Amino acid sequence: MVDVAIVGGSGYTGGELIRILLNHPEAEIVDITSRKLDGQEVHKTHPHIRDSGLVFKNKSPDELDADIIFAATPHGASMKIVPDLLETGAKVIDLSGDYRFTDIEVYEKWYGIKHTSDLKGVFGLPEIHREEIKKANLIGNPGCFVTGAILSGYPLSKAGLADRMIFDSKTGVSGAGISPTTSTHYPNIGDNVNPYKPTAHRHTPEIQQELGAFSDVKVSFTPHLVPVNRGILTTNHCFLNKDDVTSEEILEIYQKEYKDEPFVKVLEDGEIPRLSSVRGSNYAHIGCFEIDNTGRLVIVSAIDNLVKGASGQAVHNMNIMCGFDEKAGLTMFGLHP
Amino acid sequence: MVDVAIVGGSGYTGGELIRILLNHPEAEIVDITSRKLDGQEVHKTHPHIRDSGLVFKNKSPDELDADIIFAATPHGASMKIVPDLLETGAKVIDLSGDYRFTDIEVYEKWYGIKHTSDLKGVFGLPEIHREEIKKANLIGNPGCFVTGAILSGYPLSKAGLADRMIFDSKTGVSGAGISPTTSTHYPNIGDNVNPYKPTAHRHTPEIQQELGAFSDVKVSFTPHLVPVNRGILTTNHCFLNKDDVTSEEILEIYQKEYKDEPFVKVLEDGEIPRLSSVRGSNYAHIGCFEIDNTGRLVIVSAIDNLVKGASGQAVHNMNIMCGFDEKAGLTMFGLHP
Amino acid sequence: MVDVAIVGGSGYTGGELIRILLNHPEAEIVDITSRKLDGQEVHKTHPHIRDSGLVFKNKSPDELDADIIFAATPHGASMKIVPDLLETGAKVIDLSGDYRFTDIEVYEKWYGIKHTSDLKGVFGLPEIHREEIKKANLIGNPGCFVTGAILSGYPLSKAGLADRMIFDSKTGVSGAGISPTTSTHYPNIGDNVNPYKPTAHRHTPEIQQELGAFSDVKVSFTPHLVPVNRGILTTNHCFLNKDDVTSEEILEIYQKEYKDEPFVKVLEDGEIPRLSSVRGSNYAHIGCFEIDNTGRLVIVSAIDNLVKGASGQAVHNMNIMCGFDEKAGLTMFGLHP
Amino acid sequence: MVDVAIVGGSGYTGGELIRILLNHPEAEIVDITSRKLDGQEVHKTHPHIRDSGLVFKNKSPDELDADIIFAATPHGASMKIVPDLLETGAKVIDLSGDYRFTDIEVYEKWYGIKHTSDLKGVFGLPEIHREEIKKANLIGNPGCFVTGAILSGYPLSKAGLADRMIFDSKTGVSGAGISPTTSTHYPNIGDNVNPYKPTAHRHTPEIQQELGAFSDVKVSFTPHLVPVNRGILTTNHCFLNKDDVTSEEILEIYQKEYKDEPFVKVLEDGEIPRLSSVRGSNYAHIGCFEIDNTGRLVIVSAIDNLVKGASGQAVHNMNIMCGFDEKAGLTMFGLHP
């Protein structure tokens, strides 16, 4: 049993952490902070979580006493607070972009701000970095698009077979956060499809960093807002560096890579992932593996952006760091239909 | 051919006026005003209307020279500007609530503001007030919920048969306007249903005013936001003041009342209105006319909130005021599916 | 620990039973039957449930060996099979309409078929029938609309305060089942609202039976299909038989009635239920309690039609029948957003 | 003024033809045929089109007397009836795939049926084949995906600059037709994204035929069903055969190519098309023109699949064939929001 604190619990990833952790057999939430919601009951912001007894408190890092602290703070804010959180002796899982980059210059270029901390986080994708996560004090929990993209491409890059991957992602609107904006205004989304930042989304370098660590693969990424609450479906259009690879061989590579992974399901028999199968769950579904007559390989992944793409993955990291059963608190299936 | 100006063209009702009027055979848009969008091309705000040559201008009333002026300004703002608009010699159709009330005290109570103008508008529902509209200089164009509710109940109230009507309305989100708010944030609406102001929506007294003019009927109203862009479906649960009225007699009353109306379609054979049939059109569909074993009569109406519930009805009023064919510019069918 | 069988597992309620029971600490699924899917893995039909090891089998009742059997069979089919299921010595929870009625003639009139079994089920709404459920061998699990409607009206009827209730319900499309029809065809539902069976839905007499058992309240019911996957939001327009009752008194009656109920949450401070707060969970949210100036009281309830309105409630009944913690397997919160 | 007949008017493309043609200034619908709906009023199937006086009739080709006949029949059926329709002396616009292919073997391979007619249709995309359309008696009206894809890629292929184009398309569900199926069942689509036929959709060879006529460009295509009624948004990921081409040059090529086209709007200033801007209209919006740091060029197109992707384009073809103003009957703007 560990004591857990959530710093910045007023957004969607904070809400998901609460939703998951209240049913976690090994963790207890001892603190949830929010400056602006100080003193307010959690259900006023997260209306699905009633009678939890939880109340937001405006606490500074040194007032926290927890074994694990989740920082659900925005990028820029995290780098200012994480060093102090670590000072408390807790292990920290940061859900912002601040501790995901091996090269700070890349971060500074894409986020347009100066990085003020020289701490290094472990990139918190268990399927690639499990051993480092076990020993880590600070996790940079991956971005939502990043998780869906990497899981669809990692085995292929590791096998050295990929020349180029084009990730065409369709995301639910919760990925834009809890604050209303013009682009999340219902009449702009309902019955509509909206591509955005088609060549310059800041999740691109994260995908490049992780997939490029295994082989020299060129990465392109274009996100689209679709009229969906949650979930990211990624269509990975891949080009191989060899001509004679078959669908069956690709499928085999993925099955082998993921066969012991608790949360990655490789679909067989031509099954194609869809968002509803993973809605609300920590599972990633990966399927398709078809090659067309121009040599393009298609691989499709589906995740819930707030769970496997954020808070569920963060809890998975906690489980690994604490030596718990990796599936503890994360056994819920997708909510289909 | 008339010259038309739109004051306050940056919202959804402004956009709909432009969409309709650009295809109107008898009207030409000579001015569209917006303070904050001064100098901006219309398609930057209304992306569906390209190459119209229209540009927002920050003009004061005395700079306008038009035969008909549509005031698509918010309540409170309209009452300040409409007197000046009338001064220009134009006929004015105001889409706000400011000129809809026969009793100013009712307005002041429900809107919570002082009314500063003593001009009287004609309530712009052609199905009830056609003759007055013909001679009017100032129209108070009805509210969207109001239009759907009144059309579903008017023949019954006129026949003196109704004791009570409960309007349970389901509205698309465009009714909340073009500005993003928490209640229009996609993740709060998608795959969801949200009742709001269940006993105190300010459209209630407007419905009461119009239906109560014919007989002593008690009016209740509850709106619900549903994951729909446009349209209001109103389920009118009626209680009659007589026991022996049949479904067939009710249907006959409605058919007789509306038989010459160009935009009201009374559905027969038990057909039930649905939003898609009127989407984007100026038609109102009215149907159901069933009585259950407790004596409750159900009548259902469907309109597009931005067309028959706002801008289309405004153009209909213009057609009547100018002696045009009532259907001019309004012949488009609903967009089903 | 009990052994559980699901008869007729190919539909949505079957899928939900599997989803819930696979995470239930006291139950193990030993059999899932389906005639047409015999031999097929469960994930081919319920794509969110992978690696469960479950396979549909075409088994007759006498081949089943379970402590609890859920009959997720359609009405008409259940009455033919339930007697045989009871013969096996199992306790049976039937999700169809066949065993919900105290008066068989009412059933036969509304369902239009002859009832062939003289077994009596206990109406499986724990909030009203908990003590009978504890001792029951056969449960008639309530209909989805019925659950939402009754929970919104029961305390008021029990207090003898209600003269009339009009239930205006908005339902997700999963309530229509897993088989495609014209009325569930996406282009007929998306961006649309469709009332149906406005005065003659067969859930009406079930609501009347349960609410009418406490006082003489007249019940009306109209359902609407809205573009939502799951959930039923019910707006209960009530008329009281006394003039001087206040909102606060009504709220107090509900709080008192439901204060020990694990799955009913009475919302305070004018909070209004919405579907997203209960999505995927077994909770019912009840709120509003406003009275308008005509004396109409509005009470709103929200449930997930497949969970509290079907399979979750069935598991709740199992927990009560088996003496388990009532919340076992049902602790998941709603999936908002 | 021309007399028009619609053969097979019971589906969505039939409904759209009626919707458009009833407001066409130069055309009159003299016949609508349907075998199965013989004698039924049109509004029973197309509920938005009331009081048109139109009734489906089961007529054979030789009973038709029209100047223009639209065949809204499925592939396979069209090839059997079109020769007889031409025999009547009418010009024929076929909306199926039967007369779109220059190479019958390609058709037979992708559609899996033998082609029984040796008539050749003109590929009815006015932006490429206007001069041939003017003189044609038989038009093979393009597929919906095809129209969106070609318009996004044609200027580039014509300029000889493209090596490869990957069309990732997101389509509304009306593209699947009016008949309910498992894949159009609301709970399988709502709040979901479903890729299908990711490398083998039969619109692929049509795209290849038209784009490959200008230069040697490799074409890949993957469609996705999204929770939208109408519209196809296509993200064209292009790879150029030259390194030094700029975004600005690409934009200029598109502006020049489409500058006189009445229905193609090239968006500037980085504007990105979205479905709502073209909903219900015959416009195609094309925009983006960004190049990422791997050399991938992104071009996005948006059309309404039932209008520019089917019936609107068919009417455009009629206008060209008859020498009418090309915009006649097609002046409606998109329905945003």
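Should a chain be cited, it is by its letter among A, B, C and D, assigned in written order, with residues numbered from 1 in that chain.
The rule is simple: a residue touches a chain if its C-beta (ideal position, glycine included) is under 8 Å from a C-beta of that chain, and two chains touch if they have at least 3 such contacts.
Keep in mind it's a predicted model, so treat the numbers as computed, not measured.
Participant: Where the centre means the average of the CA atoms, what chain is farthest from chain C?
Facilitator: Centroid comparison gives D as the farthest chain from chain C.
Participant: Any idea whether A-B or B-D has more C-beta pairs in contact?
Facilitator: Here the pair linked by more C-beta pairs in contact is B-D.
Participant: Could you state the distance in Å from the CA-based centre of chain A to that of chain B?
Facilitator: 45
Participant: What whole-Å value do you get for the distance between chain A and chain D if each is reduced to the mean of its CA atoms?
Facilitator: Once rounded, the distance between the two centres reads 39 Å.
Participant: Measuring from the mean C-alpha position of chain B to the mean C-alpha position of chain D, what distance in angstrom results?
Facilitator: Centre separation, chain B to chain D: 35 Å.
Participant: Could you tell me which residues belong to chain B and also touch two or more other chains?
Facilitator: Touching at least two other chains: 12, 172, 174, 187, 190-191, 227-230, 274, 276, 279, 337.
Participant: What kind of graph do the touching chains make: line, ring, star, complete, other?
Facilitator: Its topology is that of a complete graph.
Participant: Flag every residue of chain A that touches chain C in the complex, lowest number first.
Facilitator: Going by the criterion above, the answer is residues 12, 15, 19, 22-23, 46-51, 174, 190-191, 229-230, 265, 271, 274, 276-281, 283, 285, 331-337.
Participant: Which chain A residues qualify as touching chain D in the complex?
Facilitator: So the residues of chain A in touch with chain D come to 164, 166, 168, 170, 172, 187-188, 190-196, 198-200, 204, 218-220, 222, 224, 226-231, 233, 235, 237, 272-276, 279, 288, 290-294, 296, 298, 300, 302, 337.
Participant: In their shared complex, at which residues does chain A touch chain B?
Facilitator: 12, 172-174, 178-182, 184-187, 189-191, 227-229
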